[in-house]
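Letters are used for the chains, namely A, B, C and D, taken in the order the chains are written, and counting of residues starts over at 1 for each.
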Amino acid sequence: MSLDNLHVGINHYLVLSGILFSIGVLGVLIRKNAIVILMSIELMLNAVNLDFVAFAKFSQNIDGQVMVFFVMTIAAAEAAVGLAIAIAVYKRFQEVNISRFENLKG
Amino acid sequence: MIQQLGPILVLAGVVIGFVFLMIFLTNLAGPKRLSSPRKNMPYECGIPGTNTAGTKFSVKFYLTAILFILFDIEVIFLYPWALIYVDFLKQGPFIFVEMVVFMAILTFGLFYVWKGHALDWD
Amino acid sequence: MAGLNIEDVLFYAFGAGTVLSAVLVVFFANPIYSALFLALAMSMLGALFFVLEAYFISVAQITVYAGAVMVLFVMVLMLFDLKNEGEDILKVSPLGLIKLLAVGLLCGFFIGTGWVASKIPGKVISETSMASDQQTAINKDVQPVDIGSTVSLSRQLFSKYVFAFEAVSILLLVAIVGSVALARSKGGTHHVSR
Amino acid sequence: MFGRATLWIGIKLKMGTSPFEFLINTLKVALIFIMTVNIVPLLVWVERRGPAFMQNRLGPNRVGPLGLFQLLADAVKFIFKEEFIPENANRVLYFMAPGLCLLPAALTFAAVPLASPIHIGDYTFKIQIADINVGIVYIFAVASLGVYGILSAGWSSANKYSLMGALRASSQMISYELAMGLSIIGILLIYQSFSLNDMVLAQEGPLKFVWQGKEIIIPFLPNWGVWYQPVALILFMTAGFAETNRLPFDLPEGEAELVAGYHTEYGGFKFNIFFMAEYAHMITASALITTLFFGGYSLGFANTAQVTQFWAEHGQSAAGMLGISIADAATVLTSLTHLAAFSLKTGFWLFIYIWVRWTLPRFRYDQLMDLGWKTLLPWALANVVITTTIMFFAHVGN
């Protein structure tokens, strides 16, 4: 295995964020605990952030880093409200199983 | 990049080594007395513990954490703004108006939380 | 240029650490351990951003994600008495197998394109910066964009993306009002409605 | 094949610095960490004898002169304590919690500049662990990771009181982190740089600022940050107290309140590591106060060039002794004077930390949270807005 494709280029970062993204998707599909599903969504958003920064570096264009800011804001707001809902469900049903979320009306 | 990250990683290694060394030293040098169930009970000034640690806690803890996240985002946006404020001021008052609008909206959010008694600890 | 320099070694170290802790996040029964491992994964991503010379983004990532969002997750999980929540993930169900297969295909697709792209020199964005010539064409007067410095980042943020910046404050306001309403609507703090 | 690859990686590993420099840097990092770890017993000694004299009693003076070796005895005593694990605690997190608490506390000290760099031949040697160009924001990012140590300590020792203490300590820390982050925005507006080195260099010389084009110089005052941002100093100091769980904000580990807070179930050296983490946070907080508001290592009246020039004239004996040229010896002596100035100022602020502990009573929890959210935060926001408007009138249009 020659050493030249070990040298890190943009492709290595894209592959790494692809792997992280698929682990996040796996977490959302497999787990039944609502909070762990929220965590997996955070992981997927982080994988996208990694892509933005990698493109910002390798194409010398700063807009990638600016987009990371906005992805961070949306992810934080989503986590805050998502957890508030999960807490409300826990107080009502004593467990945070995803099946309990079907009862949310309105 | 390496001029800044290298020493930090070395420092982290030194700290972790220090902690492991000390804990290992305590295991080595510390006396191995028998552990009786009574001694292992959680320490509550001698009063036998009533129930496990998972008792009900008030909602205020995670509401503070939620509000902390949302206001932390505001602080993160203020940092880069503080760097270029003086440079952009030379091209006119626009940068000033931008920030006043941003902070006015979020201060209104803080005001809503304050008046909505969400932060009052009972 | 062949041979590994320090950026590559750090990339492989932090990348492997992030992938490992991300896998542990999904496959741990006790959700508190998975939350702590996700915080570790996010801090390692912050270190990766440092390697990518996006200094302020790495600091923002550690402050916002690892230091605020994950603290909320860990606090909430510690508040809930989830000892009985340790669901058995490894119980193999046919549906579970299909999901696993689907995600395996997705992951294979990512790795495959990455491998193929590295074989075709110069097609995808190679090391030499492809967009930088268009970049200088667009804004002549702006000083040359230096990826590492926060000043160029904030210069772009407050000139080109001003509208998005104001929209962020509206989004935060909506999130504040929403989470306060949600937390308050469940009644008082101590009684649990059966 | 594999042997050649590793050899190949070893040679090609352009470590950014030659092996000699790498060795020197590792030595410097280890030295500075050992120095901070050794300051902790000194601080504990000051904490026990200082307040003793305030309450006109003596404090420890049996072991060694003035009780100095008392601290060595305590440290050694901790090593010989029994390794105790509570009943249904989960052991992995229980053992990791002290490390999780000490690691962020020690890493925050990396960005603080201790003295001016030394130039020997063509090699400059920075008296600082890492000259990070996002210095101040890096410190807050790593400090915010300290909450995990407290939370895992409280939760893993399966004790109702320690979990309660951990939750209270962490929600207090995150509330005051907001006020701390906002309070330094005023300082950033003035220095326009995150790097602490730039801040210290900007604070040298007499007080001068630009007001609508006219440069105003006040010769007798040093150009410190405290004249520009007095409110930010008060906010930063109060938030600093709360961030390190020091009195009057140490309710989560208050003896009367919650047994001993999140580290109730810890004994032996693990408790000592929590203690060290708290003191490391304290040292970093007071070092930050000196660097941001009181000119860091710079002497108030003379800037680095003047001090180097002074030592160049008077430094012949040192040059002879060290066997390097006069100019290099001058830089060495300058950085020593700067180090002395820095440790004097930081020592003063550390004494303020200890002094306040024995004068103010402890806050109730709701008073504590109200102070954080309803007093410090609005004041910090108001400080930012006022600074912005003043600078708006000072700079607009010219």
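The rule is short, and it goes like this: a residue touches a chain if its C-beta (ideal position, glycine included) is under 8 Å from a C-beta of that chain, and two chains touch if they have at least 3 such contacts.
What you see is a predicted model; the values in this text were computed from it and never measured.
**Q** Using mean Cα positions, find the chain sitting nearest the overall protein centre.
**A** B
**Q** A-B or A-C: which has the larger count of contacting C-beta pairs?
**A** A-C
**Q** Please work out the Cα centroid separation of subunit A and subunit B, and write it as a whole number of Å.
**A** Computed from C-alpha means, the inter-chain centre distance equals 21 Å.
**Q** Counting only Cα atoms for the centres, state how far subunit A is from subunit C in Å.
**A** Centres of subunit A and subunit C (C-alpha means) sit 6 Å apart.
**Q** Could you give the separation in Å between the centres of subunit C and subunit D, each centre being the mean of its C-alpha atoms?
**A** 29
**Q** So how far apart, in whole Å, are subunit A and subunit D when each is placed at the average of its C-alpha atoms?
**A** 33
**Q** At which residue positions does subunit A touch at least two other chains?
**A** In subunit A, residues 3, 69, 72-73, 76-77, 79-80, 83-84, 87, 91 touch at least two other chains, as defined above.
**Q** Could you list which residues of subunit C touch at least two other chains?
**A** Residues 2-7, 53, 56, 60, 63-64, 67-69, 71-72, 75-76, 79-80, 148, 150, 153, 157, 168, 172, 175, 179, 183, 186, 192 of subunit C each touch two or more of the other chains.
**Q** At least two other chains touched by the same residue of subunit B: list those residues.
**A** 2, 4-6, 52, 57, 59-62, 65-70, 72-73, 76-77, 79, 83-84, 87, 122
**Q** Mind pulling up the subunit A residues that touch subunit C in the complex?
**A** It is residues 2-16, 18-27, 29-33, 35-36, 38-40, 42-43, 46, 49-50, 53-63, 65-66, 68-70, 72-77, 79-81, 83-88, 90-92, 94-96 of subunit A that touch subunit C.
**Q** Touching residues of subunit B toward subunit C in the complex: what are they?
**A** Within the complex, subunit B touches subunit C at residues 1-2, 4-6, 52, 54, 56-63, 65-70, 72-74, 76-77, 79-81, 83-84, 87-88, 95, 98, 101-102, 105-106, 108-109, 112-113, 116, 118, 122.
**Q** Flag every residue of subunit C that touches subunit A in the complex, lowest number first.
**A** 1-5, 7-8, 11-12, 15, 18-19, 22-23, 25-26, 31, 34-35, 38, 41-42, 45, 48-49, 52-54, 56-57, 60-61, 64-65, 68-69, 72-73, 76-77, 80, 82, 85, 87, 89, 96, 99-100, 102-103, 106-107, 109-111, 113-115, 117-118, 124-127, 129-132, 135, 145, 147, 152-153, 156-157, 160-161, 164, 168, 171-172, 174-175, 178-179, 182-183, 185-186, 192-193
**Q** Under the touch definition given earlier, write down the residues of subunit C that touch subunit D in their complex.
**A** 2-6, 9, 32, 36, 39, 43, 46, 55-56, 59-60, 62-63, 66-68, 71, 74-75, 78-79, 148-150
**Q** For a test of understanding, state which residues of subunit B touch subunit A in their complex under the given definition.
**A** Residues 59, 62, 66, 69-70, 72-73, 76-77 of subunit B touch subunit A in their complex.
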